[in-house]
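In order of appearance the chains are A, B, C and D, and numbering begins at 1 in each one.
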Amino acid sequence: MPHCLLDVDKDIPEREKHVYIKNSNEPRHCQPHCNKSTIPGSMTERGCAFAGVKGVITGALKDVAHVVHSPVGCTAYGNGTTKRYPTNPLMPDGTVFPIENFNLKHIIGTDLNESDVVFGGMNKLKKVIREAAKEYPEANAIYTYATCTTGLIGDDLDAVCKEMSEELGKDVVAFNAPGFAGPTQSKGHHVGNYTIFSKLVGTKEPPKTTDYDINLIGEYNIDGDYWVLEKYFKEMGINVLSKFTGDACHDELCWMHKAKLSLVRCQRSATYVAKLIEEKYGVPYIKVDFFGPRYCAENLIAVGKYFGKEEEANAVIKDRMDKIQPELDFYKSKLQGKKIWISAGGPKSWHFAEPINEFLGMEIVALSGLFEHEDGYEKMKDRAKDGTIIIDDPNTLEMEEIVEKYKPEIVLGGIKEKYLFHKLGVPSVMIHSYENGPYIGFEGFVNMAKDIYSAIYNPAWKLMEFQEEEPGDAK
Amino acid sequence: MSNLNVINKNRTAVINPLVTCQPLGAMFAVSGIKRGLPLVHGSQGCSTFVRYGFARHFREPADIAVTSLHEDAAVFGGRKNLISGIGNLAARFKPDVMGVVTTCSSEIIGDDVGGFIKMAKDEIVKKMGVTAAEKIKIVQINTPSFVEQHYKGYDNAIKAIVDTLAEPKDEQNEKINIVPGIVNPGDIREIKHLLSLMKTEGIMLTDTSDPFDSPLRPSKAEKNPYYQKGGTPLEEIKDSANSLGTISLCSYANTGAQSLERKYKIPSKVGGTPIGVQNTDEFVRTVKKFTGNEVSDDLLDERGLLIDAMADLSSRYLFGRKVAIYGDPALTAGLARFVTELGMIPSVVCVGVKNPEFVKEMEKVAKESEDDVDVLLGQDLRALDVYIKENPVDIMIGNSDGRLMAKDHKIPLYRVGYPVYDRVGTARRPIVGYNGGLNLIDGITNTILDKYYEVQDWKLQQ
Amino acid sequence: MSNLNVINKNRTAVINPLVTCQPLGAMFAVSGIKRGLPLVHGSQGCSTFVRYGFARHFREPADIAVTSLHEDAAVFGGRKNLISGIGNLAARFKPDVMGVVTTCSSEIIGDDVGGFIKMAKDEIVKKMGVTAAEKIKIVQINTPSFVEQHYKGYDNAIKAIVDTLAEPKDEQNEKINIVPGIVNPGDIREIKHLLSLMKTEGIMLTDTSDPFDSPLRPSKAEKNPYYQKGGTPLEEIKDSANSLGTISLCSYANTGAQSLERKYKIPSKVGGTPIGVQNTDEFVRTVKKFTGNEVSDDLLDERGLLIDAMADLSSRYLFGRKVAIYGDPALTAGLARFVTELGMIPSVVCVGVKNPEFVKEMEKVAKESEDDVDVLLGQDLRALDVYIKENPVDIMIGNSDGRLMAKDHKIPLYRVGYPVYDRVGTARRPIVGYNGGLNLIDGITNTILDKYYEVQDWKLQQ
Amino acid sequence: MPHCLLDVDKDIPEREKHVYIKNSNEPRHCQPHCNKSTIPGSMTERGCAFAGVKGVITGALKDVAHVVHSPVGCTAYGNGTTKRYPTNPLMPDGTVFPIENFNLKHIIGTDLNESDVVFGGMNKLKKVIREAAKEYPEANAIYTYATCTTGLIGDDLDAVCKEMSEELGKDVVAFNAPGFAGPTQSKGHHVGNYTIFSKLVGTKEPPKTTDYDINLIGEYNIDGDYWVLEKYFKEMGINVLSKFTGDACHDELCWMHKAKLSLVRCQRSATYVAKLIEEKYGVPYIKVDFFGPRYCAENLIAVGKYFGKEEEANAVIKDRMDKIQPELDFYKSKLQGKKIWISAGGPKSWHFAEPINEFLGMEIVALSGLFEHEDGYEKMKDRAKDGTIIIDDPNTLEMEEIVEKYKPEIVLGGIKEKYLFHKLGVPSVMIHSYENGPYIGFEGFVNMAKDIYSAIYNPAWKLMEFQEEEPGDAK
């Protein structure tokens, strides 16, 4: 029986097939079902498609004005204050974008009201796009977003954007991923990929190119992740021509066809666009993994090899490993044998499983994903030991049960469940946006190790319950 | 006495909104019921964004379920999702109260939410039996996202809660109903403290204090499912039909109180949020009027401590300094009045709503202020940004969403309201009541000292 | 587990002292008696500097009289000054308790203070009549300025107060005596709050909470002469001989408790100041032991809120950061233990005293800390200044006297203790008890966020 | 009956002669008795002689290390954190003193203990002076202070300082003003003046001199007062060769004999030294008053006249008056007729009486001093209207009675009594060290007017008492 019906799921037996206990004797195809709609009435950690496109993909761009075509709520929720996507105002041509962290500061909405719902909101959208262009003349493009409301009332965003694009003389792009589309935010990633590919890629030329130009796809610069990788590439003599989309500008997306190679970092949210670019423009792509020292090293070497820069890659690796090894040793000595549950959006659950085991000596007792697909669960499964529970889209009740049964000593998860774990007496570190990141690369892995270490060794856990009798000396 | 200048929005777009849509207010209200769970009838974003927001502000779990509407519902309606959602939530969580919160999707699709709830109830009875099923009260809360803002959603929820749950008895209960508004746990606790000094019990409609600030005690926690401590028990909500009166502490959420008045003759009063001296005095007087209880010396001594701090600090550090205030209309109106009581100038108050009650409250403030007061009405943070560039102030008071703006303008920001995610402790530190006034004057003064006195540090030697 | 390195002063001079001389402690203690007045037998500076210090810290009046010794007293002794001083103060202020506080001058001159007090009493009887005169209790407090420091003066005063005033009765009073130490009004109130949750009444020896944080209510104030509200009534001090036990919350002031134990068999316990989780737990257990009362769930819920904040904040923002702590030995020991509970490192703790009890408390802390702890023992702020230059820390915790040093080193200072004159609200915000822990963790975290996170502001978005 | 026995003084009738009600029909000599010992058992606002010398006179110097020969208390109380004496690190020779606000940051003490009291503290003092020199090699001089303890045990500070001065090669100066000396801190001023004159003045030469060199005596740069005056003099072309002692360095005191003119600003604390310098070195002095626009103008003109720079003085005055007149008008409109009690240390009570009346329209109902002498009370009396109560060394009970009987709407006083006045419902502004100063000169007077205005108009006073019934609209 590869699948498992948790006790709390007795009233929703459909959940059984989303919960899988790793058993290497079972056939290869056994894994949790995924990418299916959440059962109504759950407290899901999942978001919506709009969150997938604006929150994950486009919100990281430094020079784009975003117009959310929605009642005020989606605009409020879609604003940059929810994401750790820092940007550097430097543009590829050497100029400086005049508003620092523009993407974190400003969001525009059409503020739809009842009459818009009745009579349609397309004229209002036009008006607001014009206002956006006027309010932020600095912005190099305007992106607009369908939402549940505009999806349901049937506003044609593409038509509006086409007209506005001509009128304003700058790219105005429609992203049609209303909240209800698809079972998870993953649908929004998908829409984002296709839209950017079909509307933007190939429409502009870079100011200059080199023989070592890459696209770094699926890297959003969460808490400065990209800036870690950027240094490695720079030292290797490799030029990041376009980011998709961390710390990137609009134009970078338009000239992605000019790179020599695409690297796909977040394979859940961004493989689509790399594939399409390969198909149409012949830019090959490789899937990369820079989480954890070993993967990071291997993948730098792979990239190095591709460009005949293996030695440079090795130099970067040696430099960083020398620096972090003592710290790794310290954290391993402290974390060896501790049980961990990695509950990321998707890829990080398999990215981190092995490094956390290898470099920190921790025991993975549970893995889960919110919006992961089959390919991701396959990797999760491959990287799990027998007996590990792998669960798709866990809801809060299931989380309680897993804590009770698998006794993780720490959970890497999201902020929404973090405080529930705390109330159950289990520390939790935010793995989506990090606590004291970046978490990528060599230094980043140490940052994560430190966050895990300080979460587990937070003295609060030992002091949780009042002792009626004077305890012996602590420790 | 000075002028109130109301400045309306001169564009169609909303930019960096100060408000969100109705459902949040309803989710907030339902979270204040003991073993109460919101069930959002909409897309997952509708619950997830709010859970995210509550989690980062309160640093607490926020248990909100969703019916996960998708394309099929868009085409065929949300009946299946809502009925199975209610059923699943009932069976798995056995809440005392379930608040069904609609969204833009469910409202546009035109779901017969009332009808679906009835069907769902029948199914629950079938599945769980009559006794168990009847223990679960279901409140229908219509909160179309494209009408007004989250304050209205809060109002709609409170009204739906009392309309559905309040039950008259033959006897009065000697309590006072309080509609606290969208405030922090610390504020609700301070309201209760004021009531206790007035020897009065309150029925909070609803009480989010413990649910959003709960102890970490795994050995004592209610688990499987985990429920946060506290919230107003169903029995008390029922009893709200028998109280001495209802006080709404925010002008935007009075329809529940009116409904109780209409149906059960419970007198109602909309007070300003009791921020600062006069607003708290007013609250105390209202409690006195409803209960007949005297104002205790202990309470007046607490008041005297606030006056003492004002005497010691206001003229010396705060007088004449310009303040920009933004956020919740009830809080901002109260804050504007309090900073006026501190001798400061509420130069500009920016809200995302157009409530006439708010304007009325601000007219009172302008009357008491020595200087002109600008109100950005129905506006957004972008409007405030542009305004401040032209009209600098000494200090900003508002939520964390203005933090980068404040940084750009090099104006210190004193954080209050919702959301505050970049500093800690705000949620448990009251700003209402006399004690809240002390917190505010201390916080504002220290912010001023940091920014304007530390540069000439010798000035701080006595 | 790590090492405690005790570093003693390597010079004779005191530079930028962390302590002052005995009389201050005695004046502080007497100020906590209802209608209690200190009469300093010394030069005017001895009272005026202290009144100045209290005024700028508490922002409250500090009523301290002085015998105004001058050259003639230096030559002929202070008899005339003391006798007429006592007489004038008695006649004009009619205090319930007068504390005669000696100084270096009166001690060196060799005044027979006890004898003079008797003569003064005779004169008062003559002038005011027996009844009126007997209402005024006079406590002789010897506080030679050239012996130890103000903590000893506080200890001497508490001992003199109970030795002079405590009166045994046949029955126990079910109360607990508390010697709070030189702490703030907010702290004493929090101690009382803890006791009330333990269903216990305390006799504060003495209670400076209201006297040093009094309401501004001219209509109700006790005037001609003006007396601040509150303080421990004489009757309660008398009754301290009949309590269930005495808890000294500072290791430096235990002789009063010992005296009560010796004379009246009142068991005594020196607790660490209840700062942080374990020290407060200990205090709660002691109260439980003395009273037999159970630890209430409400109290444990308050505890749970602190644990919750620690779970949410410590590892994320505070863990492993280095702290320098300085000031009062009882507070610093408590703070050092609490920051250890927060996962921070109390790298250096600097005190102006050499009490062995303090070292013992710090040994416990070092045992619980992951890193070495340096103690600057019997040192001063200059020593800390020099130390920090070589061994930088992330944050300093202490009084305002370190503020310019902190500024020079660009290290943020979180203000606690006495004196704090350059920020407001410190005196009324407790640092003891579970609620005090919440204030501390919020304050320390926000200080860390201001300094180390604001530079990368995106890190504060969730 | 010029004198008045307050009700609260019935038990201490000696106080009667310290309280005087102004009556212009009475002979000139009628005024309160002063400079007498405070009656024991009072809550006096007075300090001690040590406070007078270190706290007032020498603590303002920027480059001196102070060694207090005392138990730890006097050192703690004598530290710079108690005074608003900012200093500018610039030295007369253009160099920069390496420690900013040295005078506010550091104080040294001998920390006398019981055995020192028994066996004498002179050796300890020597040791500590040596340590001070080592700890602060930057310091250009070391000043030491006798205190009650060392006064009583009879340590000879002069002998120690003489020896140390030779040993260390820098000035080491003893100030013999133990706390018990004299009835008030005024004794300390006196000692400070004589010591500086006899030990320092005339011992050094300035780096350069001009024809327009002055000594500014009795100006301590409280809250930046001196920096206000410095600008005026600079604009007039007058050079402040030496300050006594605000923002001054040790050497300035040593070359005071080289000025062309001495101005005495604080006539209570510093006339002595000016007189002595005139007598010995022939440098004439004039008493000046820069408080309030009229006095400030008159005295700038007087100084200008002396140096043939009347026009320059007039230019300064016109420039400043143009700037402040509108503000003065505003504050006068707000403060006209309000009753005020000025309770300064001494001189400020008469300095401010007329300007506050003339420029703010306020009615002086009471004047008092802590350590004022006959000459000061004479001026106070001269500047008071009939019926004004003038009281020497008021204690707290007397303060209560004056508030009750004279109903001041504001008191200018010290921090020790400020909060008592507040509790009685009367605002109080700190006049010794100011609230938002400086208060001197033209701009300074406006600062004070603003502080008085905001204290009186602090809305707290109107909200003092809870209204059981809903009040009408405020204002």
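Operating definition for what follows: contacts are C-beta pairs under 8 Å (C-beta built on N, C-alpha and C of every residue); 3 or more make two chains touch, one makes a residue touch a chain.
Chain labels with UniProt names: A, D = Nitrogenase protein alpha chain; B, C = Nitrogenase.
Keep in mind that this is a model prediction, so the values were computed, not measured.
Across the two candidate interfaces, B-D and A-B, the one carrying more C-beta contacts is A-B. When chain centres are set by their Cα atoms, the one at the greatest distance from chain B is D.
Our note on geometry: chain B versus chain D, Cα centroid distance of 53 Å, whole angstroms. For this pair, chain C with chain D, the centres built from the Cα atoms lie 32 Å apart. Chain geometry summary: the mean Cα position of chain B and that of chain C are 40 Å apart. In chain A, the positions touching at least two other chains are 81-82, 101, 104, 415, 419, 422-423, 460, 464. Residue numbers of chain C whose C-beta contacts span two or more other chains: 52, 56, 59, 214, 216-217, 300, 303, 307-308, 311-312, 400, 404, 421, 457, 461-462. Chain contacts here follow an irregular pattern that is not a line, a ring, a star or a complete set.
Chain D makes touch with chain B in their complex at residues 80-86, 101, 104, 223-224, 415, 419, 422-423, 427, 430, 433, 435-436, 450-451, 454-455, 457-461, 463-464, 466-470, 473-475.
Residues 8, 11-12, 37-51, 67, 70-77, 79, 81-82, 100-101, 104-114, 116-117, 124, 127-128, 131-132, 135, 147-149, 151-153, 178-184, 396-397, 400-401, 415-420, 422-425, 460, 464-465 of chain A are the ones touching chain B in the complex.
Interface residues of chain B, counted against chain A in their complex, comprise 11-17, 19-24, 39, 42-49, 51-53, 55-56, 59-71, 73-74, 80-82, 84-93, 103-105, 108-109, 144-147, 149-150, 214, 216-219, 221, 223-226, 228, 352, 382, 400-401, 404-405, 408, 421. For chain B in complex with chain C, the residues that touch the partner chain are 52, 56, 59, 213-217, 220, 229, 297, 300-305, 307-309, 311-313, 400, 403-404, 407, 421-425, 428-429, 438-439, 441-443, 445-446, 449, 453-454, 457, 460-462. Chain C makes touch with chain A in their complex at residues 1, 277-278, 281-282, 284-285, 288, 295, 300, 303, 307-308, 310-312, 314-316, 319-320, 340-343, 364, 367-368, 370, 456-459, 461-462.
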